[in-house]
Amino acid sequence: MRKRPDKTLGESLRDHGLSRRGFLKLCATTASLMALPPSLAPAIAAALEQARRPSVIWLSFQECTGCTESLTRSHAPTLEDLIFDFISLDYHHTLQAASGEAAEAARFQAMEENKGQYLVIVDGSIPGPDANPGFSTVAGHSNYDILMETVEHAAAVIAVGTCAAFGGLPQARPNPTGAMSVMDLVRDKPVINVPGCPPIPMVITGVVAHYLVFGRLPELDAYHRPLAFYGQSIHDRCYRRPFYDKGLFAERFDDEGARQGWCLYRLGCKGPTTYNACATMKWNDGTSWPIEAGHPCLGCSEPKFWDAGGFYEPVSVPLTLGPTTLLGAGAAGGVIGGGLAAMARKQVKQDAATRQPVTVDELEQKL
Amino acid sequence: MSGSMEFLLWTKGPLFNIALAIFAIGLMARLVEIFMLGRAPNYAEPRAHEWPAGLRTMLTRTVADPGTFQRAPFNVVVGWVWHLGFLTALLFFVPHVELIQGVLGFAWPALPNPVVDFATAITLLALIATLVHRLTHPVKRHISTIEDYLVWAVVFMVVLTGYLAYHRLVEPYPLALGMHILCAEILLIILPFTKLTHIFTTFIARWYNGAAFGRKGVQS
Amino acid sequence: MSELTLERGLAAFRAEIDAPTAAFFSSCVHCGLCAQSCPFYLETGDPKYTPILKLEPLRRVWENEFTLWGRIKGLLGLQKKVTDAMLAEWEELLYDSCSMCGRCSMVCPVGNDLAYMIRKTREGMVQSGHAPEGLVSASVRAITTGSPMGLQWKTLAVQIQHVESSSGLTVPVDQEGAEYLVLLSSMEVINFPEYLEAITRIFDHAGVTWTLSTQCFEATNAGIQIGNKDIAAQLVERVVAAAETLRVPKVISPECGHAYTAIRWEGPNLIGRPYSFRVFHIVEVLDELRAAGRIRTEGKEGDRLSMHDPCNLARKSGVIQQQRNLMALVAENFVDLKEHGKYQWCCGAGGGVSSNERAEALKMTAFKRKKAQIEEVAPERMVTMCATCRTQLEEGLETFNMEIPVVGLTEMIAEHLVERD
């Protein structure tokens, strides 16, 4: 059983051998991640120095552990250590040492001891209240019950990954488990969405850092995504954007355009409609990112991205319509038009049959 | 939960299907209405064949005769400019080409974006000019109906929202794109029931005109 | 006793709506270019004379009863109906201010054949009792006397005598088996008797066998102008009967525009069967004779001549080159008006306008377009080949104090025939 965290972050970091210089560098990185001016770095340093490590309960529901995998690849120097040290991670299926009843007891204890102050991080979607609770359970309890019970006294909820934020893959049509997002279910607590499949590790840590530094939630967009990371579209920050503007496109994965690194719009890139930080922060220690690797953006940080058209269909292509539907509608129109025309013709024929020729007598009446 | 992405997906999904269905039904209905009326048999000895003359007029009417051009240069030039600009954007913008490919299963090469962008900007200006002309020219003002202004507004909105979306002047982008698609869908829906039908029936009308005159030995 | 009513008018409108009409109305975008081709709009500047607007009664019937949208509007009570008052208002637009010259049909960018629809709309106007008095009386006279001007054969017989005595030739009458049956227009007989003498000379010169018919000499068709099939068909039947009685293979329409379109293009459809003979305008026949070398001329007119193409002949019937070939034969200083042939401008008197006394002032206003065209090339004389056009040109030029005589092409040819040895 873990002790309640009592060291400040500064103390904790120094214990782990982080120099003052290294710490300030970290603060500067955090500031830039959150799109804050560098002048704020000292303030961040001071805040982090004094911050108490908050208790964090990480709930995993209908998920693939990809988000956790991503988190473990957080690349800023020693950030991997940091995430375990500037928070007190009291419950996490994959990372915790405890198991079985001991694990659940840790969760209850953290909730009890940090009532109203602990953070809940969720990854994975939740079978909704109307769904069969047996679709996903932990220790015999439904995901829904666990979530509602855990968030009751939480300070805030961070939904990590698209499944938690928007329902993600489990919610994709036909959504067999009745999957819902955290935001769908948690209405009375602040919810921050950190979508992505998975989210960029630095974004996860950055959001937590922001909370620690400022003691409040970051500025969010309409989808509760932190604007610092989701304020700009992939397309707007894409290094291949000049090719789009010039109209130079790869049309196949093996054509000259693809080799030249031209825009991937026609190969289905969802960059134009996707808001995320991949283009600026990249992945794997800033090594690369999907578009740089030659693959169109899938739009994984957007709601309904699994149902938003094929991954290789351009943004402008409608979702379901094909030539057959069009032909069907055309045929229906033909029948309707034919019916109407037949009615009109019948009327015309009737008029023709009963037509009275104009006579001189009739004309003379008009004189 | 309903946000800009859901709006975009709604316009790209169900609404697109509905709009295209109404368009297809309406247009087919209208075309069948026209063709089923038929023409009375013509017993007069023709001077020339109808078909070649009709087919020629389908194309030649696109260009005004010199006299008409001199009398109404504004009408002719601005009409040309915006039609060409609109068609350029509609048929040769990469996303539109992909859309056509997606719906019809075939398409054609696209034009570079800057070209389409330029065409779109010109189209917007020309459309404004047509509105001013409609409001000020005595004939056009006199014969204009609510429908004329409605159709103008819809066409203008389609081009404007497209321009705004392309330049990403409205945030978030899914909203901008959704608005553009929505406007285009409104255009599709009203097309078979307004003068927009001329997009298709013009060629029928021109054929009949060319055929009637051609039969009498005049290339109209 | 039966009478002309709105219901009959509406039925007539319906009966006239065919595929082209529906395609035309579907296509109009209200661009207003038709106004730019209409002498009545251009010379008055009044936008109510915009050609497409003249078709509003027919358009409403089409929209209300022949379109899906119109029917939906009907269910919602939003249809604009055609009323008697509306037709009364439109009478001026459809008759006084339209000569059915077809120029708008030629320039409409979406290809609407407006003149075709004016003709159709007039059917409903007649059936609903909204045709102008002048045209009604012309129609009544045409049916009862055989001539819209009430002209009798005996008047023509006097002319024939004059022609025979002045030319020393015989004017053949009721000659069975002649090649051509020659028709005349009352207007010609009264105003331009020189025409009959001219063809008598030319045909004698070319060795053509021809004849007049006592059964029917009148080529004009008031039914076409007023816009009524019944009257028009009766008048056409008279021509057909005369041609069949005399067993002629060819019928010649005189120097008259609408008479030619009436017999040549509308006639077979009015009577519902093809003819047993062919129909030509006199200019076509003369040009054929010229091409065959059967007309030999001497001398040429030296003054500056220009030509007015009658709408019915040029734009509406494709007779454009023939008159120019003939002019080349007899004139050395011929200059075409700037817009001619299929793009010529109407004199303002066609389509029944000249028979509609009420339209007198408007007709003269519309003539200003022709006047401007003539002024542009400043000819010393004008040549034409339609009696109505010729009368209008003469009256118009006189009204505007322009001393430009107008001559008929046929007479001019006759004057240059090589004298027989």
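Which chain is which? They are A, B and C, in the order written, and residues in each are numbered from 1.
Just so it is clear, a contact is a pair of C-beta atoms (placed from the backbone, for glycine too) under 8 Å apart; a residue touches a chain by one contact, two chains touch by 3 or more.
Predicted model only: the values in this text are computed from it and were never measured.
Arrangement of the chains shown, judged by which pairs touch: all-to-all, with no pair of chains left without contact. Taking the mean of all protein C-alpha atoms as the reference point, the chain centroid lying nearest to it belongs to B. Of the two chain pairs shown, A-C and A-B, the one joined by more C-beta contacts is A-B. Centre-to-centre separation between subunit B and subunit C, using Cα means, comes to 37 Å.
Computed centre separation for the pair subunit A/subunit C is 76 angstrom, with centres defined by C-alpha atoms. Distance between chain centres (mean CA atoms), subunit A to subunit B: 39 Å. Touching two or more other chains at once are residues 336-337, 340-341, 344 of subunit A. Each of the following residues of subunit B touches two or more other chains: 26, 29-30, 33, 36-37. Within subunit C, contacts with two or more other chains are made by residues 17, 66-68. Residue ranges of subunit C in contact with subunit A, taken from their complex: 1-4, 8, 11-12, 14-15, 17, 65-68, 71, 126-127, 129, 131, 133, 136-137, 139-140, 143-144, 228-231.
On the subunit A side of its complex with subunit B, the touching residues are 181, 183-184, 221-223, 233, 235-236, 244-249, 265-266, 272-273, 275, 302-304, 307-309, 313-323, 325-326, 329-334, 336-338, 340-342, 344-345. Residues of subunit B touching subunit C in their complex: 26, 29-30, 33-45, 47-48, 57-58, 61-62, 64-65, 67-68, 71-72, 75-76, 79, 137-145, 148, 192-193, 195, 197-198, 201-210, 212-213, 216-220.
By the touch criterion given at the top, residues 1, 3-6, 8-9, 12-13, 16-17, 20-33, 36-37, 94-96, 98-99, 101-105, 110-116, 168, 172-174, 177 of subunit B touch subunit A in their complex.
For subunit A in complex with subunit C, the residues that touch the partner chain are 336-337, 340-341, 344, 347-348, 351-352, 354-367.
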